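Chain nomenclature is as follows: A, B, C and D, assigned in order of appearance, with residue numbering initiated at 1 for each chain independently.
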Amino acid sequence: MIEQVVGVVTQMALVLFLSPLIAGFIRTLKARLQTRRGPSVLQPYRDLYKLWRKGMVIPETASWIFTATPYVLFATTLLAGLLIPAISAQAPLSLFGGVLAVVYLLALGRFFLALGGLDTGSSFGGLGSSREMTISAIAEPALMLAVFTVALGAGSTNLSVVAQSALGQSWRFLAPSQMLAFAALFIALIAETGRIPVDNPATHLELTMIHEAMILEYSGPYLGLIEWSAAMKQLVLMALLVNVFFPFGLSSDWSPTAILISLLWFSAKLLVLAAAVVLVETTNAKLRLFRVPELLAVAFVLSAMALISTFLF
Amino acid sequence: MLLPTILIVPLAAGALSFVARRRRLMESVNLVAFAALFILAVALVGQVLRAGVISGWNGFLHADSLSALVVLLTAFVGLVCSIYAVGYFREDERNQVFEGGSAGAIAGSTLRKYYALTPLFVFSMLLVALADNLGVMWVALEATTLTSVFLVTFYGRATSLEAAWKYAIIGGVGLSMALLGTILTYYSAHNILATETLASLNWSVLVTHAAQFDKTTMKLAFILILLGYGTKAGVAPMHTWKPDAYSEAPVPAAAILSSATLNCALYGLVRFYVLASRCLDGNYPGRLLLLFGVLSMGISVPFVLIQRNFRRLLAYHTIDHAGIMVTALGVGGPLGAFGLTLHMTFHTVAKSLLFLCAGTVFQHFRTDLFGKIKGGAIRLLPFAGTVFFMATLAIVGTPPFSLFQSEFVILRAAFTAGHYVSAVLFVVFGVGIFAGAVLHVGGLVLGPSEPGPVAPWYPWRDSAVLLSTAVLVVMGFWLPTPMFDLVRSAAGIVSGAQ
Amino acid sequence: MAGLLAYALGMAAGLAGYAWKRTGAWFPKLLCFLSLTGALLELAASLGALFSRSELAWSLSSGIPYLTYSVRLDPLSAYFVLALSLLAAAASVYSFDYIPRSLPGDSSGVFSFFLNLLLLSLTLVFTASSVLFFLIAWELMTVSAYFLVVFHHESEESRKGGLLYLLMSRGGSGMMLIGFLLLAVGAGSLDFTALHGIGQTLTPSFGAAAFLLLFLGFGVKAGIIPLHIWLPAAHPVAPSNISALMSGIVIKAGIYGMARVFFDFYGALPVWAGMSVLVIGIVSALLGVLYALMEHDLKRLLAYHSIENIGIILMGFGAALLFRSFGYPKLAALALVAGLFHALNHAVFKCLLFLSAGGVLQAAHTRNMEQMGGLIRRMPSTALFFLVGAIAISGLPPLNGFVSEWLTYQALLSGYGATPTLTRLAFPVAGALLALTAALAAACFVKAFGITFLALPRGEEAAKAREVSFSMRSAMAALALVCVLLGLGAAWFLPVFDPIIQQVLGFAVSPNLVAGNGLILTAGSLRSGSVSTAVMAVLLMLLGAMPLLGWLVWGRKSTRAAGPAWDCGLPGLTAENEYTATAFSKPLRMIFAALFRPRREIQAEFEVSPYYPKAIRFESEIEPTFEKHVYDPLRHSVLAAASWMRRIQTGSIHAYLTYIFVTLVLLLLFGVRG
Amino acid sequence: MIFWQDPQFGNRLITMMAALVLVLQILMVAQRSIVGNIRGFGIQSFLLASIAATIAYFNHATQVYIVAALTLVFKAIVLPLILEQLVERIQIRQEIEPFLNAPLSVIVSGLLTLVAYIVAESLHRPEQGTAQTSLGHNTLAVALALFLIGFFMMLNRRKALTQILGLLSLENGLFLAAISLTYGMPLLIELGITFDLLVAVLVLGVLVYRIRETFDSMDVSKLSRLRG
């Protein structure tokens, strides 16, 4: 029982306070690769702090949906973060919802975010919501199928079980099915977190922006909450990826030492993955909106092949 | 003494209204006669249920439950139509449709044609049902044609002449085929019975010896009978006179033609079917009947799907139902027979009702073309319009109306007897008929109506409609026990269980 | 059964009211009250039957052969009666004010006559236990629904929709009729109890034929693709409380029939059967939601979603059939529960959505979403209830839609491990497509809710819309509450399925599916996956409260002002700047262009140069694939054949005589020796 | 015994007359004038009447005499008179325009006779070879032929009146069948049938008259306004 509480608290803290760091790391690394100096790694913390203290402007056209959205987004993302194994193979709340719950919680958040975008009445909001819902919709089957492939391997949708079975048989990630599924999930991750080549988080150009367009009217603490949730979502998905496929160093209990070691492992894996993301971002240009489906189709095919190969091997 | 009375009443009524001068007199004579006739018919049913078979005029007249059923249905239709006719022809006078305009005298002489001929028409149908002798039955059936020809020409339009001519000629040919069939039956029986007396053509006598008849002759006879009485019943491909005659005759007459006369023709067919299935095995007549039944169902579909005139639409419905009943007879067995008699009962009520509603609509809009009526009958004729739609749903076999149940019985019989193809075709054609009927009648009844006063309650016509509507609805859920027994024992006679 | 009586009373009263024209305002209220009583009584009866595990049967034989008025409330029936009575209660409460407001005065009598007839016949459909009686009840349901659909029969659209509905239903019932009779050939009797498991005793060909016929026959009513085209035509044109009932429960009659046939009359079916059901389910779900996305008629959109959800239900059924034919009863139970539960859930939230859409219609006087907007301020509670329904139907946690979709996923996933052959691949693919469907549904309802309720009103009607009356709101509230309860209390609700599964597969299911003393929902076992909507809901509350606390503690001093939204520097933000429904669904229209074949035309009027247009008219429409490529050719060929056939009635008596003559000669030549 | 008491001789006589009737029928098919047709029908009926009489004489079946007398009176005398009167009253061209020309019609009639014989053949029962059955099966063929050819006349001719004639000769076929197969139906039936026939002719006559009035043409192939 006490262990449960420790686990929940630790993981909550982890998700809350590690996520901006990852975002910052990605930003800095990207700048460096583009031979810019770039902001400090801690810049996201500063941004959040600043936003938190700023006043905010609510559009007159907006209704309570606009106000509720940040809270819902925050809550769903954080809860999703509690359902996944981060540093311990035993995800604290995995009993209350497996991988399906994670995906659908994120979907709930997105649902409200899109509504918030429409609520402002400005055409950017609608544009953003439309594109966001479209892309997430066509990203869904690839994501799910890849997730299924993993789940089928473990014979469960409970992420703890999945992680433990992965632990049980290490080097499993070398199996072709795992590699393919990983590739598919990686593309899905890029789409979900809105990074190049699907979306450019840094742009405010109406032709290209998706996520930014939705939250264009948000300001102050609300904007802060949304940015933070975005960072958390990124962390959650990356954690899911690394821990399901490369379960090295996942501690099996919540003793301090174990936590410490696995925390190191965890951050190391995250950094590697982040580096990979950055690599993709810097080496690719953003795709036209109607090219994105092709990318995601590739992802779907990959995961389908992953499925078939589990059937074969 | 009951049987002769049943025959005399309409005869007398006919004669009376022939000499009658005033319209009221003719109307009342008809009303009284048919009311009396209905009571007598009910009495007959009672006696038959008690005594089984009753006969009169030393065996010349003979009534078993099948005849009783036909008599009852005929009397019912006659009653309803006589009530309706009063209102109908008064409306006609108001609309001045008779040649020579509204002049009462001419109208009177024209009306006499109806009021004198209809009772004779009914009389000949009753004789068909009550005559034991197959020859007499044939004569009576011929008489139904002859008496109804002038009902078809009632309005004296060119088209009604044309219709009457087709009706008379085709009917004549058909009945002469039937006569040849009768002669051959007599011949095939002749060697066994070897009597020249009248009794040797009595059905009740023949049926007992049917097993020993000469088989080939019987086959030939049955073919001719099927074609002959099939013509009278409007079974395809002998159905062609039907839509013309029905759409030209005055509506009450058309109602009688389409329900009661159909029953009589089928009655004749059934009598010979019993003989044939006794003589040959049931298969031979069965296959023929199935062929013709399914054919007539199928032939009526396209005409119902594409139809401009709602009285012709109803005529094709009658062809369809003739097909259904013939199929039921062909399926045979106690179950098929039961389906036949049930369907005969239900169809008689529904179809006559349908014609009456159509008549009211026709008189209100002064046309029977769907195209001319933009729709909205339900607003202009709240009662008749509604019942028209309802009865249409009933006639295409929509629950809760009872035709669905009888058709279900027939289908079940067909499936248990293994006639899968016919049964499936039955259902398919049924869907087609349904589509056509609902398409047209729905468009007629529903929809926006052109402005106009809402029709009042027509005392005569609407009460007649109301009467048979009530009967129709009640029969959907519950059949009175004596009625049910009658239908069942009639089915027993059809299936030859004695 | 007292419920039936109440409905009958309602019908009688309706007729009376119709006959006796002048009735006060109390009259429609009385009628609604009658149907409400009926609904409540049935609710009690069904709950009693479900929890007391007692079958109550009652039979009365009529003169007509095979027609026995026999009614049996076994668990399966009781379950559907439960759904029915929930909806009926809500609809009749809703009607208290709906009927007087939106129907011509004297027609309320005949309206509620048909309404009560519909409810009555639905009850009979769910409870009838002999073939003929079932068919009669079925047709009664169809016909009464038809009259309700064409109730505003002055409008061309509703007549066409109703006609299409009636004709296709008749085709369906024709197939059902043959199917049932084929079954009945095997069993001597026509009683449902005698038909139990009859599928095994039939010869394979008969069994297959009967199965297909019944599947398609019921499929017409359920609106499976490609037999669906009547559904979006008929449901929207009906009065809203009727659309709610039709999309909510009438199409479930088809589902009930399938459940009855697949799992009661048939035992283990061959693999192709289950596979075909699964595939049809997938196709219906996917195409349904895709077509829904393209609609901007609010009620048509909802109607297409009914097709989608029917598809999801059929996925459950198909999986159950497959498991059964592979011999995994436990998985079959899981899949069956998923399907049945989704049937109930869909009934509830679809009814909710249609009722609130009805409110919107009453306020905005249009079904076109492009004319709406900003309604959340003028009708807040309607908006809230619609939002609840939207979240539920999008399958988002923690509401009931999520639970049943979760169960479906779990069933499909465990199918992979269980089934040996190559068919196993079908399951995860089905799951992935289900995911796609759900995501698209979410997108669609973002559009529906956002365009309808949020931002600025696009039409002056919408601008002066008013909140609907109390009774209508309370009906929606009740259904919304049921959505929440079924979502959070799913684990507590599951035991309801025990008697059903007991009846079908012979064991109780809830012990495997419920853990953590009714808090956690599992897929067969804790290990194979579990979820707890209740805990999730609580946690969401807490976590959502966290930033609020933070706000209260630190964020006090930060100001909170209201200002105009960014309008690209134009003078003021107007409704013209808003994103439209058409624009919202544009990306998907482009992506799935192969399916939609969109046609667009743009006309620009300009004075000086094409760069300064005065007005731009953009119109775009998608191609109705099935109507264009399947049904129109069919209709045309049938009509052509008919008009060709009609030539035989030439009008020439000589031709007529020739027909007879030829027939005679042929029969003489070939008949006699026959 | 003397030949006029020998039933065999009687049968020969009857078959011969039946053959004559058939020939007459075929001649009527070829015949082009209406009046000629009517006369032909008259003779045919007369022959039938004499057949009836012969049968009555050789088989001592007294009631068949009455039948013969009836036929003589009605069919051979009354009906032709009525018809000719009708022809007088509605002055129509004496021509018959058949759909098929004369030679073709005759060929068809020949074929129909063949059909009739085939059918009659299948009814032949040599094993029970009483005089009557053999006679029956000969005359039955002729009767069927008359029937079919009469039918063919009805559908081959345009004029209303000629259709009536077709119907009548068709009825003659029936009569031949009745009289020769079974020595006549029971008397009452015969009466009924004859009476019916008379009424039918009257009814049809009235119709013809009114058609003539309304359409001022006798061509019933023009009566084709009711279709579909």
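Here is the rule we use: contacts are C-beta pairs under 8 Å (C-beta built on N, C-alpha and C of every residue); 3 or more make two chains touch, one makes a residue touch a chain.
Since the structure is predicted, the reported quantities are computational estimates derived from the model, not experimental observations.
Look past chain C and you find the other chains held together by touch in these sets: A | B, D. Each chain's centre was taken as the mean of its CA atoms, and the one lying most distant from chain B is A.
Of the two chain pairs examined here, B-D and C-D, it is B-D that is joined by more C-beta pairs in contact.
Inter-chain spacing, taken between the CA centroids of chain B and chain D, is 32 Å. One finds 70 Å separating the Cα centroids of chain C and chain D. Chain centres here are Cα means. That of chain A falls 101 Å from that of chain D. Look at where the CA atoms of chain A average out and do the same for chain B: the two points lie 79 Å apart. For chain B, the set of residues touching two or more other chains reads 165-166, 169, 173, 216, 220, 243, 303, 306. Across the assembly, chain D contributes residues 119, 122-123, 151, 154, 163, 220, 223-226, 228 that each touch 2 or more other chains. Within chain C, contacts with two or more other chains are made by residues 646, 649, 653, 657, 664, 668, 672.
Of all possible chain pairings, those that touch are A-C, B-C, B-D, C-D.
By the touch criterion given at the top, residues 62-67, 132, 135-137, 139-140, 143, 150, 153-154, 159, 163, 166-167, 170-171, 174, 177-178, 181-182, 184-185, 190, 638-639, 641-643, 645-646, 648-649, 653, 655-657, 659-660, 663-664, 667-668, 671-672, 674 of chain C touch chain B in their complex.
Interface residues of chain C facing chain D in the complex, by the touch rule stated above, are 646, 649-654, 657-658, 661, 664-665, 668-669, 672-673.
Contacts from chain D toward chain C in the complex involve residues 99, 112, 115, 118-119, 122-123, 144, 148, 151-152, 154-156, 158, 163, 220-221, 223-228. Taken together, the chain B residues at the contact with chain C in this complex read 165-166, 169-170, 173-174, 177, 216, 219-220, 223, 227, 231, 237-238, 240-241, 243, 284, 287-288, 299, 301-303, 305-306, 335, 338, 342, 378, 393, 398-400, 402, 404-405, 408-409, 411-412, 415-416, 423-424, 427-428, 430-431, 434-435, 438-439, 442-443, 446-448, 477-481, 483-484.
Interface of chain B with chain D (complex): residues 133, 135-136, 138-139, 142-143, 146, 149-150, 153, 156, 158-159, 161-166, 168-169, 172-173, 176, 179-180, 183-184, 186-187, 190-191, 196-198, 200-201, 214, 216-217, 220, 243-244, 247-248, 303, 306-308, 312.
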